[in-house]
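Paired with subunit B in one complex and with subunit C in the other, subunit A is shared by the two complexes that follow.
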Partner chain A sequence: MSQQKDITISVLKFNPRDKESHPKFVEYTLQETPGMTLFIALSKIRQEMDPDLAFDFVCRAGICGSCAMVVNGKPTLACRTLIANYPDGKLQLMPMPAFELIKDLSVNTGKWMDNMSNRVESWIVDNEKEIDITKIEEKMEPKIAEEIFELDRCIECGICVASCGTALMRPNFVGAVGLNRVARFQMDPRDKRTDEDFYDLVGDDDGIFGCMSLLACEDHCPKNLPLQNKIAYMRRKLVSVK
Partner chain B sequence: MKITYCDALIIGGGLAGLRASVATQKKGLNTIVLSLVPVKRSHSAAAQGGMQASLANSKMSKGDNEDIHFSDTVKGSDWGCDQEVARMFVHTAPKAIRELSAWGVPWTRVQEGSREAVINAKRTTIVEDKERHGLIMSRDFGGTKKWRTCYTSDATGHTMLFSVANEALKHKVDIRDRKEAISLIHENQRCYGAIVRDLITGELEAYIAKGTCVATGGYGRIYKQTTNAVICEGMGAAIALETGVATLGNMEAVQFHPTPIVPSGILLTEGCRGDGGILRDVDGHRFMPDYEPEKKELASRDVVSRRMIEHIRNGKGVPSAYGDHIWLDISILGREHIEKNLRDVQEICKVFNGIDPADEGPKGWVPVLPMQHYSMGGIRTKKTGESQKLHGLFACGEAACWDMHGFNRLGGNSVSETVVAGMIIGNYFADYCLENDLDIKTQTIEACLNKESDKIDKLLALDGKEDIFAIKNTMQNLMDQKVGIFRDGENLSQAVDELQELLKKTNNITVKSKSRAGNPELEEAYRVPKMLKLALCIAKGAEQRTESRGAHYREDFLKRDDKNWLKRTLTHWANEEDSLPTITYEELDIMNMEMPPAFRGYGAKGMIIENELSAQRQEEVDDIKEKMDDEGKDRHEIQDALMQFDLPMNYREKNERVGE
Partner chain C sequence: MSELTEGYLGITASGGKSRVPAKLDYIQSFTGGFLALFMWGHMLLVSSILISNDFMYSVTKTLEGNFIIDGGSPLLVSIFAFIIFIIFVVHATMGIRKMPANFKQYQVLRAHAKSLRHGDTNLWLTQAFTGFVMLFLGSVHLYIMMTNSSDIGPYSSADRVWSEWMWPLYILLLLAVEFHGTIGLYRLSVKWGWFDGKNPRSTRVRLKRLKWILTVFFLILGFASLVAYIKIGIEHVDHVGEKYIPTSLTQGAI
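Take a look at the complex of A and B:
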């Protein structure tokens, strides 16, 4: 653990709902405490210096995906950002691009993700088969369950979207998060959709063919999801759909 | 005035609320779910280790059934639970998990053949049958006779929440996030919806519904040291309390989890110990077998947490800058196991503490200390989930005191309760909404809305010297110190006084920014008084309960007192200007229990003040069992003769199991 030191956190503040508000950086200086994360630092700033500062935290444990923001130019989960990893004690925070700004560091990822989920039909499509829940469940190969889980680990934090060159140029791009969801259901034996069905959902430039393979999504994904691999796989699958 | 009408209003978008929304939507009701945050960010996502359901698929869960799950749950509750509700729960849990499987949860599956496991710190080989290959797998958890906790690595809540949230989207449930219910609309003992604040625009709106269901989770943030997410401030329970009509149940029953990591308080799942992890002291000694020779690290949470503090008090804690702690050692499980089944735990230890728990020896040991984790108390309901006092108000999940947990909840039973209650209560709630009409005047609605709007104006106009953040901090520290794991009359009485003082101080604050929108301090200013009211319910209930039961432990009343305290605490806030809750009690009827009070099988022995009815009922139960056994009746018929219970839909049907 590094020595305790004074740190400076510079935050881009802006309230788009307030006509008098203009985007500006505001600096806060405070003392680092052992094990301090951006969750701890920002909570302290709000309590002691600026009760008006807006940001989003829920689990503060890297599980819920609420707190993604741009820290020194890179999108990341603020709750898992340790101040000690910034030896010069200078952090610049900005809200994630590509999402509607609510205020300061708070962006509307929820709305974006709901749209994405509806668009890729992010659920098991089994043609309304009624299962009898009093009966023993259908078996599944343990290996397949593990592979699905691997992709199901996505927390929809939005970092892949904020990192994405295509998403910045094409506002309707479904993002790595959406393509990962498609890959997840494509491999799930419970889902009865065919490759043609998935093509109908994402077989265009706002979907699988929009990806320019810059792969900042994978570089920044806090869950280390195999996005490169899965996007390439889905593209190979869907390019062959007639 | 903005009014939104719907058939069914659900406040809270975690697992319980979302599952209930699928139930109402499927019955043709126009349903709205309100949530503080995007629903997939709800605290349900943080449930790590798994969900209890007696599927009996894997080797170590063979022979498991509803009866054993029921018995574990009742013992876990220290006989504080409603046994009919516990029966409803254990009977529906297998159906819930099978439904979730169909909805896409990638449950970890049974792999045929042999595998290594660590049991009681020894490597053991377990062989799974070929015929069970591919069925849903389970792991061990505390306070259970069988390995019953089904899981997806250690991200179970996350995969469940995503599946249920997406299922709700599929059924076109109207989900609205960043909306906060700040009061319930009610008239003549009936609830008609809520006054809701938009957390983006600050606008107040009225949501009017035939029925309202609160599923807002627990109130862990009343404490400083808690595993709970920052949104777990108990607002659902608080607005129910503020109706002056609805009651809260067993608020003093607060669970402390043995293994949150120090100092952040982030939870490390019970699965760590379920999978074979052990607790060590300053000397590296595994101390739990000294205290609990039978269940060791896997006694119930209340017992393990107390034993840890007891051991620290005996001078065996590990000193650190944050006070004494205990070590959790999962390195003995091996790297391969950890990287597959305890992945998030490893990630948390690495990111927040710079420790890789898979490293062998002391290097991989992780500092842990018991902290607040779960609220057994909540809105007191009937078996249908409806408030006993306020018609049309339902509650499910952690926000409710439906009461399957009594004074201590078993690990794996809460995430299970969320979906099970969402199914059962969701359907009863839907029936209520189908059977009842709206008969509230817009004048009444307007009056409710104006009242809340005036309150906000008043808060913004306050010009006092107190700071709302400081009041909140004082409350949280106070609850840790005086209403924590070990309690006594003197500290509890001080806590009650100090909390009343703090509640007064909230009238003497200044909110610096005067904006009605995007003003975090304003949010604290209207939430903290509500939190203080809940804290007072906890502290006052704890002060009056002069016994030790489950997680409620009084050092001045060490015994569980079945003679005088086999009752549920009911709390309500009689008048708005009161500074204390009004407390009454609801008796538990031993003569209707399927399992009359007895020793739990763990914790200290000889610490019960017996109720004479316990032995009498036990005799009755034994006679019925013996007689029916002789007549060749099966376990279902015997259970039915001992205590009856009802369920909606087809949930009362038997659960199929391999080889049963």
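Take a look at the complex of A and C:
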């Protein structure tokens, strides 16, 4: 068991809705407990030191993606961040950039993701067929189903967007999450959209051709999604569209 | 019509998107890949000076086409340099689209890169910086090659490097080219997923290692060649302008 130590967590606090509020780092010192995650530390701070501290969480298990924040410069999930991995006990927390700031560490990823979903039409499109939800879905090759499921593991935490220099510089960029979503539906045999249709969704400098292959999305994705491979796949597909 | 419609409304008359962004992306990659591979060949030719003056002379004459034109013609080199210049300009035009376009974008990117400390983001920044540097230094070099192609040879090149004060420019250009080119080839590979195979992550690690090996190799080769030209240039300082006469001809004269 690692030796318990005092840790210092510095949080960028700011309430954009309060005219009196100005961005400032506030330091909290507390003692590390065994197996302590950043989420546990933040909860402790809120309970015992600063009830005003805002941060998001739901599942506490790396499934919901709510607690994404920037820790010592790296976007990550607070619930999966072990304090023991910071030997000097110093953590600087900031809200994820690219998203609308609600307060302190809390950002509105939902609004961004909703826009993205609508933009890439994140649903099965088959204009030929009326969907009958009372019937069992058509069977699919297990290999294809697995490949689709692999991409469907995305939890929309926004870490790929917050780590992407392109998305930060150019707010209209659809981000790895959007391109991954397009790849997911492009692979789905139930979706009858052609590559031309997908081109019309993301075939521009705000979409696939705006991606600069910085690959911070791939390197920071908490679900280890194959983003580099799938973005390259979509690029190859769409660059040859006539 | 379609261009006008999309320019005004963001949508073509047929309701789709322009295919131009795809073409621009492809052209950027193609010209970049071509130039990076060309620079490998260029460096190997330049480094012929490390073998001997005679060898470098014979390489120069071969490039001037002495196997089809008696004595060779520097005009061939000028034409080739012009073609490279066109590709260079096209690539720069494509590449500049990705640069930060205003202070806000620059500020955001700088803060992000400093905070994230991410290898591939920093590689892109290195490429952006070296690309910007090459816009100026590369243009100077290519203009000289287009207009003074008869002044390539063991003595002429060495004189240019030393007596005509090109060595500071070549040091900077060499650094910029070798970093930009090898990073560019690595990034092209991951961008298009050419070598992804079954395990793209381990492929990427290997590609990055290979990139660094190539960077170091071409930097060593480049600096060794530059030192060789500087040494010849210093020794030849009292005879600036005199062309090299290959050993076979001087021995024939004796």
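Note that in this section the second predicted complex is superposed on the first by the 233 of 242 C-alpha atoms of A that agree within 3 Å, B and C clash if a C-alpha of one lies under 4 Å from a C-alpha of the other, contacts with A are read in each partner's own complex, and residues count from 1 in each chain.
Assume a residue touches a chain if its C-beta (ideal position, glycine included) is under 8 Å from a C-beta of that chain, and two chains touch if they have at least 3 such contacts.
Just so it is clear, the model here is predicted, and its values are computed rather than measured.
J.: Under the stated touch criterion, which partner chain does A:238 make contact with: subunit B (first), subunit C (second), both, or neither?
T.: A:238 sits against subunit C, while subunit B stays out of touch.
J.: Any idea whether subunit B or subunit C touches more of subunit A?
T.: B
J.: Tell me which partner A:58 touches in the superposition: subunit B (first), subunit C (second), both or neither.
T.: A:58 contacts subunit B only, not subunit C.
J.: Just subunit B (first), just subunit C (second), both, or neither: which does A:38 touch?
T.: Touch status of A:38: no partner.
J.: Is A:169 touching anything from subunit B or subunit C once the two structures are fitted on A? First, second, both or neither.
T.: After superposing on A, A:169 lies in contact with subunit C but is clear of subunit B.
J.: May I ask you to decide whether A:212 touches subunit B, subunit C, both, or neither, giving the answer as first, second, both or neither?
T.: A:212 sits against subunit C, while subunit B stays out of touch.
J.: Under the stated touch criterion, which partner chain does A:229 make contact with: subunit B (first), subunit C (second), both, or neither?
T.: A:229 contacts subunit C only, not subunit B.
J.: What is the contact status of A:200 with respect to subunit B (first) and subunit C (second): first, second, both, or neither?
T.: A:200 sits against subunit C, while subunit B stays out of touch.
J.: Residue by residue on subunit A, keep only those touching subunit B in one complex and subunit C in the other, then list them.
T.: Looking at subunit A, the two contact sets are disjoint.
J.: Can you list the residues on subunit B that touch subunit A in the complex?
T.: These residues of subunit B touch subunit A: 37-43, 45-46, 55, 95-99, 101-104, 106-111, 133-137, 152-153, 155, 158-159, 162-163, 166-167, 169-170, 175, 177-178, 200-201, 229-231, 263-264, 266-267, 321, 344, 347-348, 351-354, 469, 473, 511-513, 515, 517-521, 650, 653-658.
J.: Can you list the residues on subunit C that touch subunit A in the complex?
T.: It is residues 15-19, 21-22, 24-26, 97-98, 100, 105, 108-109, 112-121, 124, 187, 190-193, 196, 200, 204 of subunit C that touch subunit A.
J.: Quick check: in the complex, which residue numbers of subunit A touch subunit C?
T.: These residues of subunit A touch subunit C: 70, 73-74, 94, 97, 163, 165, 168-170, 196, 199-200, 203-205, 209, 211-216, 219-220, 226, 228-229, 232-233, 235-236, 238-242.
J.: Show me the residue ranges of subunit A that touch subunit B in the complex, using the header's touch definition.
T.: Spelled out, the residues of subunit A in touch with subunit B are 1, 15, 17-18, 34-35, 37, 46-48, 51-54, 56-66, 80, 82, 102-103, 108-111, 113-114, 117-118, 121-124, 126, 131, 133-142, 145-146, 148-149, 152-153, 155-156, 185, 188, 190-191.
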